[in-house]
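First chain written, first letter: the chains are A, B, C, D and E, and each begins at residue 1.
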Amino acid sequence: MIFDINIQKKLVSASRTFMLDTQVCSHQDQVILFGPSGVGKSLTIKCIAGLLTPDSGGIKIKNRVLFDKEKNINIVPQERHVGYILQNYALFPHLTIEQNVGFGLNRKGLFNTVSRDNRENIYHWLDRFQITDLARQYPGQLSGGQQQRVALARALIIEPEILLLDEPFAALDKKLRIHMREEVKELQEELKIPLMLITHDEEDIKAFSADLIEFTSLKQVPKESF
Amino acid sequence: MQSVMVPLFLSLKVAIWATLINLVLGIAFGWYLSQKRSFFRQVLDVLATLPMVLPPTVLGYYLLVLFGNQTGLSQWLETNFGFGLIFSLNGAIVAAVIVTFPLVFKPARAAFESVDEQLQQVGWVLGVSKTAVFFRVFLPLAWRGIMAGVLLGFVRALGEFGATLMVAGSIPGKTQTLSIAIYDAVQAGQDSEVNQLVLLISVVCIVVLVLAYYFSPKRA
Amino acid sequence: ATITVSAAASLKEVFQEIGQKFEQAHQGHKIDFNFGGSGSLLQQIRHGAPVDVFASADLANMQAANEGGFLQNNRQTNFVKNELVFIVPAASKLKLETLNDLQSDEVKRIAIGNPSSVPAGRYTETALKKAGLDNALKEKTVFTQNVRQALEYVANANVEAGFVYGTDAKILADKVKVVFNVDLDKPVIYPIAVIKDSKEPALAQQFVNYVLSEESRVVFDKYGFARP
Amino acid sequence: MQSVMVPLFLSLKVAIWATLINLVLGIAFGWYLSQKRSFFRQVLDVLATLPMVLPPTVLGYYLLVLFGNQTGLSQWLETNFGFGLIFSLNGAIVAAVIVTFPLVFKPARAAFESVDEQLQQVGWVLGVSKTAVFFRVFLPLAWRGIMAGVLLGFVRALGEFGATLMVAGSIPGKTQTLSIAIYDAVQAGQDSEVNQLVLLISVVCIVVLVLAYYFSPKRA
Amino acid sequence: MIFDINIQKKLVSASRTFMLDTQVCSHQDQVILFGPSGVGKSLTIKCIAGLLTPDSGGIKIKNRVLFDKEKNINIVPQERHVGYILQNYALFPHLTIEQNVGFGLNRKGLFNTVSRDNRENIYHWLDRFQITDLARQYPGQLSGGQQQRVALARALIIEPEILLLDEPFAALDKKLRIHMREEVKELQEELKIPLMLITHDEEDIKAFSADLIEFTSLKQVPKESF
């Protein structure tokens, strides 16, 4: 079993309670989550990255336990080694593209300077994603599709052990989308790391030979039942 | 001229030390308060703000009692660290820190609270340690608010005299800072000396503020 | 009517009591006191503060007021005299009997009002000069911004000795003890005067007269102020 | 007890008026400075900060000169508005405003500069007037930083005494605020009265800070 | 002529200069902009909304001059009456969904309260976009697709005279995308207002009978040439 996920989380906000209840079990190392807007795809991936702590259940990926409520295991995000792309990119606004992409290469340092060793690596990724000429820009000076590619480069450069991609190609034009899809596929196949992808794009579904997990909106429970 | 340089130098020493201490303690405290809303933290916030409501001279009086020879504190510091507070520049620095601390930590707290939490989380997921994320993401994003407070603190420390006077006294060449010298000159009706000293302290203040302006990040 | 009396800080307690008695004796009239350092009070008057009576803790400030043309008919009257006293903390075990004893190594710090602005400091400086001690004691002196600050240093035992007015020492009689009165060539004299721009000159003069009266004398005695 | 209530009331009057004035002027000035970086605006910033570097008593002395009858200002105000400054609570309020102004506008400026400009633009595109966008988008988003400054200003105004003493004097029942009363009591060695007054001013300060805390927006 | 746009704008940033040079002329009231990432589609639309001032040229829509450098005309954003959806939504984080959607209904008021009259209108739009139960939430508590629908509702409720939509359906699942597309089409046809749409989705191109304007990346000039 590569993906063995079973988590529950109650999110309470004014006048509404959302109940996340996800089961994902798969022997394949590629998994695609799809389904209507607001069913909890992004929240699920957030739990796996360690940014949201489920109320109960467990997360096991490639036999590595990331979270287990009963055994009281909860690996900190820093130790989960995931490549995670948020739906809204979340680039660091005060850093250049170069610094953004290189952020995770320096795990202890207190400065955002890019070392010479890392620079080569960073430019390699910028090249691959066709954003080399943006290296010295700030995120606020980039187009939507450019930002998305920066987010991808930043997540992939750290050689993660798991890839969690939340609609990673949504802002790209068709040609670029095909290119980036190939890049991700290649990387995944080369490193043999588990990949979890959220998408609304049928082309993605066709391109990856992934296990398809459909999220239905059934899990949303009206407030009264709590 | 020499008579002016000595108080100026003492003033700068007090203000710079106080600012450095505040830079560390104020940011740390503001950060601590911003991390979680709790009754306890709010109590700490209020307690640290309280000295500001006292007239500095009165605060100085309390510090005098606290640091003075009647409590063991002063003697203990003196014998163990050779570090006196009363009638020494150390005392002036401590007084300046207490007076300016709220000016630094309160804006810092507000600035930290306004930073998008998601960005720090992204930093963690990228495998970067909490400390490093603090220095590389949180601090720069909150820098504007922090700097506002730090500058206020510096200027106030430069001008502080009520509490300082009480604790450190006014010993020419040793604890007589520029602001105490100004006060003395005003009291003595030495108009031209007053103007000279005020000009001097204003120039120092202006230089620091302008430097800070040029080193502050431009708006994105 | 109401008049404003600007009076030196050291007169606070005694003037408040006299003011109350005056108000009782002159029904319908009220006195607002404004206490502060004599120098500050003079500055306020110079810049047009609506003051009717000025009572200074020294002759110099009153002199300046007179020269500035702020006194009615250029008239001022001395009303009390204070003593300069040498004090030590109540618990002090040092044997100090004359000014010369201040040179002892056991005396590390002496609190003195800043001579450039505090009258008490000026008097002290003169006395020390006369005794030929001013240079010898230079290293030990802590200048204070007013007399009361010197008093506090002594009361809290942060200095071994200090010079204050007799009336000040009386306030904290439980914390400081007076060793001796310092001999002065020029005595510590407090003058009082009606201000020229007073809108109630008659009432102001009445108050000045009351301060000079025998009725007030009793109160001054109680607080330790001598006759001029 | 009555003798305590009068200075308390005067102090509150000064602090509340100063805070209200600062709330308007400080926010407006901070906003103005945040809108564009320019040499002129920076000069204004530094000038408005300068009074802080002076010992309050010295500042008070300058205010005395400025408001005094040697300049026409005082007379002009008096004849046109029946509004005296020397020896009046108005003077105390003006002094408090000048002393606390930098505490308010500097954090406000920093807070405004940290707001995402795009959000105000979206407001405009939606057809909402600039004023309305300022009040409905910018102000709430900058509120945390503004409040930090306003609270600092309030507390400082409550504790201010150096400049006030010089300009407004210390007339019981008229201009003797709580902090001046505390100062006087310390000078007179009335320990129990000092403690009582300090307790009172601290309670006022605590109440205001706690109220502000409960009315401040929670972190999203 | 419904769309008559001819604008130039030079954007200088560290180590890079982007030259925007757009010509769009169309007699149709529906126009679709498409093309590779970073060619200037979003910037063009921003100029039309009045948030970016071109260096030269003019913008005329349905014979209304919004901008004309030579005649020194530059209508302020408030007076352009456009329904504009940004690529990153830009919802007001401190306001509830209800307040966000109702923001433009109150043009002068200084408060964000929603009046009773407006509430009905707001809920009508929330219903249409299937986000009624989110009315009291804050943007930070919404999924990507939910945020996008809020942005749409906020822009459309003010009955704009021009619609400028920057990849408005990118975060929606297929079913919802079809539904929202229909909503926008209906609205456009009903009000007969000019519509300009940026998209990377071929379905959009098929669904609208729009004039297709292809942006090519030719206009990007290397720095040296300035």
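Quick note on the criterion: a residue touches a chain if its C-beta (ideal position, glycine included) is under 8 Å from a C-beta of that chain, and two chains touch if they have at least 3 such contacts.
Protein identities per chain, from UniProt: A, E = ATP-binding cassette domain-containing protein; B, D = Molybdenum transport system permease.
Fair warning: this is a prediction, and the values are worked out from it, not measured in the lab.
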> Both chain B and chain E are touched by which chains?
Replying inline: A, D
> Using C-alpha centroids, which chain lies at the maximum separation from chain D?
Replying inline: A
> Using C-alpha centroids, which chain lies at the maximum separation from chain E?
Replying inline: C
> Two chains share more C-beta contact pairs than any other pair here; which two are they?
Replying inline: B-D
> Cα centroid separation between chain A and chain B, in whole Å?
Replying inline: 44
> So, what's the distance in Å between the C-alpha centres of chain E and chain C?
Replying inline: 78
> In angstrom, rounded to a whole number, how far apart do the mean CA points of chain B and chain C lie?
Replying inline: 35
>> Distance between chain B and chain D based on Cα centroids, please, to the nearest Å.
In response: 20
>> Where in chain E do residues touch two or more of the other chains?
In response: 138
>> Could you pull out the residues of chain B that touch at least 2 other chains?
In response: 61, 183
>> If a residue has to touch 2 or more other chains to count, which residues of chain C qualify?
In response: 40, 152
> Name the touching chain pairs, please: which are they?
Replying inline: A-B, A-E, B-C, B-D, C-D, D-E
> Can you list the chain B residues touching chain C in their complex?
Replying inline: 61, 64-65, 68-70, 86-87, 165-166, 169-172, 176, 183-185, 187-190
> In the complex formed with chain D, which residues of chain B make contact?
Replying inline: 37, 42, 45-46, 49-50, 52-58, 61, 102-103, 106-107, 109-111, 113-114, 117, 144-145, 147-149, 151-152, 155-156, 158-162, 179-180, 182-183, 186, 194, 198, 201-202, 204-206, 209-210, 213, 218-219
>> List the residues on chain E that touch chain D in their complex, please.
In response: 49-51, 76-82, 84, 86, 90, 92-94, 103-104, 106-112, 138, 140, 154-155, 158
> Okay, in this complex, where on chain D does chain E touch?
Replying inline: 116, 118-119, 121-132, 135-137, 140-141, 217, 220
> Within the complex, which stretch of chain C touches chain D?
Replying inline: 4, 6, 9, 12-13, 32-36, 40, 43-44, 46-51, 146, 148, 151-152, 155, 171-172
